[in-house]
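These are the structures in question, set out in turn.
Across the two complexes that follow, chain A remains constant while its partner is chain B and subsequently chain C.
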Partner chain A sequence: MSASNVYYELYRRSSIGVALIDSLDELIKDSKIQPQLAMKILSTFDRSISEALTDKVKSTRLSFKGHLDTYRFCDDVWTFIILDVHFKMEGNEAIVADKIKIVANNVKKPGEP
Partner chain B sequence: MLSSANPNVRFFGALTYTVKLNSDWQSIPPESVSQLLLQLLNWFLALGHGPRFITQKLAATLLLALIKFSESSDSIWPYPIQDVVISVARNIPTVGTRESIDDEAFQNMVQSLDAHDLSMVLLLCTTFAEEISRADVPRQSRPPLYKLLLDSTHHALAVIKPILTTPPSSITSPDSFYPVLVSVLNSFRAWTISCVLADANAPVVSTLASFLPSVIEFLQIESDKSVYATVVDVLIDFMEWADKLVTAESMKILLALFSSPYAASKIEKVVATTEVNHEDITEAFLNFFISFGELVAKDIAVNLGRLEYRRIVDLTAELLRIPGFPIEDENVSNRTLEFWDLFVESILYDNDGALLVSVEDVRFSDAQSIMMQVISLLWIKLRLPDSSIAVRWTQDSRDGFFAFRKDVADLIESSYQLVQTRLYSVLVQFVIDSMSVTPIDWPGVEASLYALNAITQSLTSDPPEFELLQTLLDSRLVSVLPSCPLLRARQTSLSLIASAIPYFQTDTGKKYIPTVVPYLFQCLASPSLALHASRSIFQLCSECATALRDDVPGFLSIYRAMLTHGGAIDAIAKERIAGAIAEVLQQGVDDLALRTVYLSDLVDVLGEYAEEAVRLANDPTAASDARDIAASALKSLAMVGKACRGVEDIDSTSTSSGLDHHWNSDGASGRLVKDKILEIVGAISHLPAFAGDITIRQNATGVLKAGLSESLPGPFTWAADVILGYIRDEIVSVGKLDTLQPVLTLAASLVASYSSSGTPDIHHLCVQLLDVLYTGALVPNNALTSNSDPDVNQGTLEILSKFCQRYLDVILASPHFESLILQFGVAMVTAKEPLVVKSAVKFWNDLLNLSPDSQSPAIAHAIKQVIDISGPLLMSAVASSISGAAPRSLVTEYAKLIKAFFRTNTGPAQQWLTVAFQIENCTADKARARHTFVEKIARLRGRPPTETIVKDFWIAERGQTFDYV
Partner chain C sequence: MSNNIVGNAYRDIIEDVINSSRIDCEDSGVDETTLRELQLLWQERLTISGVVTFPSDQSAAEPESGTREAKVSCETSTSLRYAGSITLTSAAPQIVPRSTMAAMRSAPHIQELASGERVPAEIAGYSVNGVIKDVRLDGMTGLDSSNSTGSLIFGDVSCITQADGGSQELEVSREVVDRLLEGHILRQKFGRSEHATQQPVPQLVPGKREKANLRASDSSDNDSNNDSDDNEDSDAINSDLDDPEDEIHSQGDENEGSDAMMLCLYDRVTRVKNIWKCDFRDGAVHVNGIDYLFETAKGEFEW
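The block that comes next holds the complex of A and B.
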C-alpha cells in the first residue's frame, strides 16, 4: 500500500476540504499547477487533517440521545441514522436535530498492519 | 572550527558537518565519499580525548554519512566496526577495508585496546546501532543498513563479549572496569534491539540473547549506582522490545528477585523515606520493580494465586504507603498507577477485549480485595494539602498533583467494574466518617466526593448506587458544605451534583432537589463556583420545578444580589439562573396571577441590570462594561423567554381568550410585564452607544423570537406589528448594514411563524416588511455591485423564500417586483459567495416547487409568468456556471436548480438551456457534448443521476481529462 492511500479521503467533503478543492481547481484552471500536484496536495491534506484531529483537537464530552432508525455495517464502515437527536455538550449547551447520520470508519484501513 | 581551542566551537563544527550532510550530501561525487568518511574518522580519533559531547556528535556525523551514502551504494564501507577497531588501535583512520581480517588477529587487536580506546570503539558501536534504527531513516535505505548491522555483529561481539562474560566476582579493579562495563552494556542494548528490529529471527539475535543471563548477574554490583542503573535499563528494554529473547529461566530469576525478602527490604526503605534521590541503588531498583510489574501485569493477573506473583502485587500496594503528597513530596505512588490500570484490565478482559469477570472465580475476589485496599490507600493520596502547604508549591507541583488526581479518578472508574457497589459504599462511609470528627476533616470529605464523582459520572439507568447517594444526601453533608472553608471541596461537591443529575431525575432523587438547589444558589455568591453551580441549578430547576416553587422569592433575592454585586461572576452563569428561575415559574407555579407577579419581579431585576448598562454607557471609560452588561441582560431575557415557552395553560380556569386578556389587554398585569420587557429591549437597542452592535442585535432579536412558535398568548408572544416595528427601526433608523444579519433572520422567522395554517394572516405587514427590506436594506446595500454585503443579500433571499409559502402574492404585486426578483433574485444565483448562491438556489427551488393546484388561478398564472421571464436568465446563469465558471463546491447547487426546472418545466427548460449554451458558436466536439448533455438531462426530468451528469459535464467543460479528486 503506497503512503498516499493510507488515509481516508472522507474529510475532503468537510468545509475546509471543499474550500481546498475549489482553490486547487482554480490553480489548475489558471495552469498554475498540474492535476497531479493537486492530487498530492489532497493526499497531504488527508494525512494532515487526520493527524490534526487526532493530536490537536481537545477532547470534549458530548452525549446524545435519539431514536436509532437505521444501522448497517458494510465494508468496515458503520452507518447509523438517528432521529430526534438531543445533543448535550459541556457547559449545558444543547442542540436538537431531526435527523443525523453517523459514519464511523475503522481507524486502520482494511489490510493495514 | 574542529581545530578550535574552544570546545563549543568544536561541537558547532561537528554540528555544521551534520547539517551540511543532511542538506547537500547528494552533491558529493561518489569518488569523494571514502575521503569524506576518512576525514570524519580522522577527526573522531583526533578529538577522542576531548569532551565526550564532541566525540558523540562526531560519531553521529560519521554514521549519518554512512547512512546517507548507503542510499546510493551498499558497499561503501563493508566492515565499519572492524575498521574503527583498526583505526583506534593504530591511531590511523582506516575506511573501506574490503576483507574481514582473521578472527584471532582481530581478537588480539581488541585486547590490545586500553580503556579509553575501548570506550571510543564502544561509542561508535552504540551510535552505529542507534542511528541505523532511527525512525527517520528512509525506508528504502533500511535493508542494506540492516544487512550491514547483522554482518557487523560478529565484530561488535568481539568487542562486547569479553567484558560481558566477566563474572562480577572476578572484578578486581572496579574503578577502571565499571565505566567500560557501562559502555559495553549500552552497546549491547543498542545493538541487540537494532538487530531485533532488523530481523528478529536472524541467528545473531539468539547469539546476542545468550548473554542476557550474564547481564542479570551484574545486578549483584550494588556498589556502583551507574552500573546497576544501566543493567536495569538493559533488562527493561529487553523485556519491552525483545521479550521473546527473555528466557523462562531469566524470568524465573527476576521473579524470585522481586518477590524476595531482599525486594521487601528495598520497598520498605522506599516507603520509610520521602527522599527522592537515594544515595544507593534504591531508585534504580524501584524503577526496575515498577517496570517489571507493568511488563508482566498480565502474567500477574493470570497467576494471582501463586505466591511470588501475589507478593509483587502486595509490595506494589505497599509503595502507596509512602508518606507525603504525590509529585511534591514523593514520586513513587504516581508511578504505580500504570501497573494498577494494567492489572485491572488484565483481570477484567481477555486478550481480545472480552469481559472475563466471574464472581465464582477466586482470582476475581482476590483482585477485588486488592483493588479495594489500593483505592483506600490512594484515597489518602488524593487529599488536598493545607493552604499553608499549597502556597509553597510550584506551579509544576500543583499541575503534577492534579494530574495525579485525574489519573487516580480514571483508575477508580476503570476498576469499578471489578469492585462494584462495595467501593461506592466505602466512599460514602468515608464522607460520613470525615464529617463525624471535630473539626470536620474537609480534605477527607473532598477526596471521597472526588472519588465518588469519578464513579457517579459513568453510572447509568437507576443503579443500586443511587440508594447510597440517598445515604449521602440524608447525612448532614449539604447542610455543612456552605460553611466549608475549603473552596475546592465545594467545587467537587458541585461536580458530584452535576454527575448525579440522572439520580435527581428519579422519583426518589426528586425529593432531594429542594435540599440541593438552595445550596447551589448559595454557591452563586462565589465567582469561582458560580459557573458550575448555575449549570446544575438550570438542570435541576427544569427537572423539578414544582418542588421548588416556594423557594422562588429566595431565588429572586439571591439573583438580584448576584447581578448587583457579582461583577466577577461569569455572564453565562447569570443568564442560566434567569432561565432556571423562569423554568420554576413556568412549570411549577400554577397560579397565573402569582406566576405573573414573580415574572414581573424577575423582569424588574433584569430591568435594573439593564439600567446599570444604560448608566455606564454614558461614561466613555466604562463603554466595554456597559456593552457586556447590556448584552447579558438581553441574553438573560431571551433565556427567560425560552423557559416560558410551551404555555399549556396550567391554570385550568384560563382559556385562550383569558390568556389573551391577561397578556395583551391594556392595564392587565401580564401586559404590564410584557411592556416592561419591551422597554428593556427598546432602551438598550435605542441607545446610541449600542446602535447597530451585532451582539446587542443578536440578543435583542433573541428576546423577540422567543415566543414566535407559541400557539397561545404568553409573556413573550409579541404581536407581529411589534416585531415589525423593531425590524423597521433597526433597518431604517439605525442602518448599519454590515451587522443587519440578526434582524433579517428575525424577519424571516416572523414570516415563517405566520405562514402555517391556523396562524393570523399578516399580509398587510408583509407588504410593509417587503418595502422596508427593499428601501432600507437592498437599495442601500447596492446588492448588484461587487462590494455589497453578502449577509444582507443572503438574509434577504431567506426572507423571500419564506414569503413563498403564504405571501407570494405580496412579492408578485410589489412595485419592487422586477428589481427584487428578476434582477436581484437572478443575479444572486451567480454571486461570488457560496452561501448567497445557496440561498438564491433555495429561493428559486421553493418557487418552482410550489404546487400550482394549491394556488389561486391568479397566483398560479403569476408564478408561470415569473418562471417564463426568469427561466432563460437563470438557465443562462446556470449554463455559464456549469460550463466551468463555478467552483466545484457549487456544482451541486446548480444541479439542484436544473433538477427543479427540468422536473417542473421540462420543455421550456430544455429550450432555454440549449439557447444558453450557444451551441451554434461551439466547436463540433463541444457542441455535440453540450447537446448530448441537455438531452440526457431532459430525459431524466430531474430524476437521478442528474446530479452526477452535471458534475461530469462540469469536469469535462473545465478541460480536465480526469477528475483528480
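The block that comes next holds the complex of A and C.
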C-alpha cells in the first residue's frame, strides 16, 4: 500500500471527528452497525477531511503568538501548549485564548520523499 | 476566515463520508435507513455543540417562513429556525444550555418510545429533532406547551425535516409524530410524574436516560465530577513527591474536549534562543467553542 493511501487519524479529535465517533458509538451500542464498519467509516472520514482541508479550504491564513509553556517532539509529532494566545484571522479578526494545545503531524507522510 | 466557510466544509465532508460509506454499508448488510440515521446523529451533534452553523440551518429559515409555516407568524418561525443555530445562543445564553440538556435528555427516551411503537428509525430520528426544536421553542419564546401554535409547528413534520436538511425521500406519519410529541409536551409541562401515566417503558430506558443525563450534564459539572474522581484516584496512586505542575497538565489533558485545540500539519519548526517559529498548514482550530479551518498558519512563541 502506497503512502498516499494512508491518511492521518489526527483529525478524529476535532469537533466533527468526535461527533462522528459519538454517533458511531451510539449505533454500535444499538447494534445497528458492526465495529468493523465503524472503523471503515472512520478511515473514510480521515481521507475526506484531509482532502477537504487540502483542496477546499483555500486562502485562509492566520497567525498567532503566545507564550510557549510545553513543547514535545515524539514519533514525528510536535505537541505545543501555548498560553495567552492571540490569534489574528483574515479580516483583522482577533481571538484571544488562555491556553491552546497544538498537535501537528509532519506534512510529509511516512515514505514520502 | 468565517464560520460560514467551516459550515460548508463540514457539510461537504459529511456528505462525502456518507456517500463513500454507502458501498461498505451495503457489504456489511446495513441499510440506507441506518446510514441516514448516522448522518442525522452526526449533524445533530455538531449543531447542538454550536461549534458551527450549517448552511442548511440558515437557508431553511428564509424559504420556509413564507410557505410551510403559514400558520405561524414569520417572526416566530424565523426565531425557531435560528434557535437551532449558534446565532441566538449569544442572545439567550442561559436558555440554550438548559434546552440542550433537556433535548438530549428526552431524545433517547423519544427514540425508545418510537421503537416501542414499531416506528421506523428515521421517524424516531425526526421525532428527536422535533423534540429539540420543541424544547428550544419553549425556552426561547416562552410559549405555553398547550398553545396551539406550538402544536401546529410540531405537527408539521415537513418543517422539522427541512431544518435538518433535505430528506424528502422518507415518509413520515404525522399522527405518529404528533402522538410522540404530545407525550413529550406533557412531560415537559407536568414533570417526571407524568411519565407514570405513559405506556410502560422497558427497563433499559432508565439506564439510557441516566446515560443521556450524564452526556447532557453541563460541562462544568462533568469537569467537577472528573476532578473529584481524579482527586480520589490521585490520592490513591500519586505520591507526595509528584510535581504539582504535572497534576495541572494531567487535569488539563482530561478536559481536552473543552479546551482550545489546534490539529494541523507542520511545515517547519525553528528555534532561535527562546523564540520558536512554526509554519503550519491544513489545520482545524477549536477555540472559544467555535471551529475554524485554515490553509496556512504562522506561530511565534516565546519559551
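Keep in mind that, in the parts below, the second predicted complex is superposed on the first by the 102 of 113 C-alpha atoms of A that agree within 3 Å, B and C clash if a C-alpha of one lies under 4 Å from a C-alpha of the other, contacts with A are read in each partner's own complex, and residues count from 1 in each chain.
Criterion: a residue touches a chain if its C-beta (ideal position, glycine included) is under 8 Å from a C-beta of that chain, and two chains touch if they have at least 3 such contacts.
What you see is a predicted model, and the numbers here were worked out from it, not measured in a lab.
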Touching partner for A:Ala104 - first (chain B), second (chain C), both, neither: second
Partner chain in contact with A:Ser50 - chain B first, chain C second, else both or neither: second
Touched partner set for A:Phe64, first chain B, second chain C, both or neither: second
Touched partner set for A:Val18, first chain B, second chain C, both or neither: both
Winner by number of chain A residues touched, once chain B and chain C are compared: C
Touching partner for A:Ile28 - first (chain B), second (chain C), both, neither: first
Overlap of the chain B and chain C footprints on chain A, listed as residue numbers: 18-19, 22, 24, 26, 36, 91
Residue ranges of chain C touching chain A (in the complex, touch as defined): 1-2, 5, 9-10, 12-14, 16-17, 20-21, 24-25, 28, 30, 34, 37-38, 41-42, 45-46, 49, 51-52, 121, 249, 252, 256-257, 259-267, 269, 276, 278, 280-288, 291-303
Residue ranges of chain B in contact with chain A within the complex: 535, 538-539, 572, 576, 884, 887-889, 958, 960, 962, 964-965
Touching residues on chain A, where the partner in the complex is chain B: 12, 18-19, 21-22, 24-26, 28-29, 35-36, 38-39, 42, 91-92
Complex contacts: residues of chain A adjacent to chain C: 8, 10-11, 13-16, 18-20, 22-24, 26-27, 32-34, 36-37, 40-41, 44-45, 47-50, 52-54, 56-68, 70-71, 73, 78, 80-82, 85, 87, 89-91, 93, 95, 97, 99-107
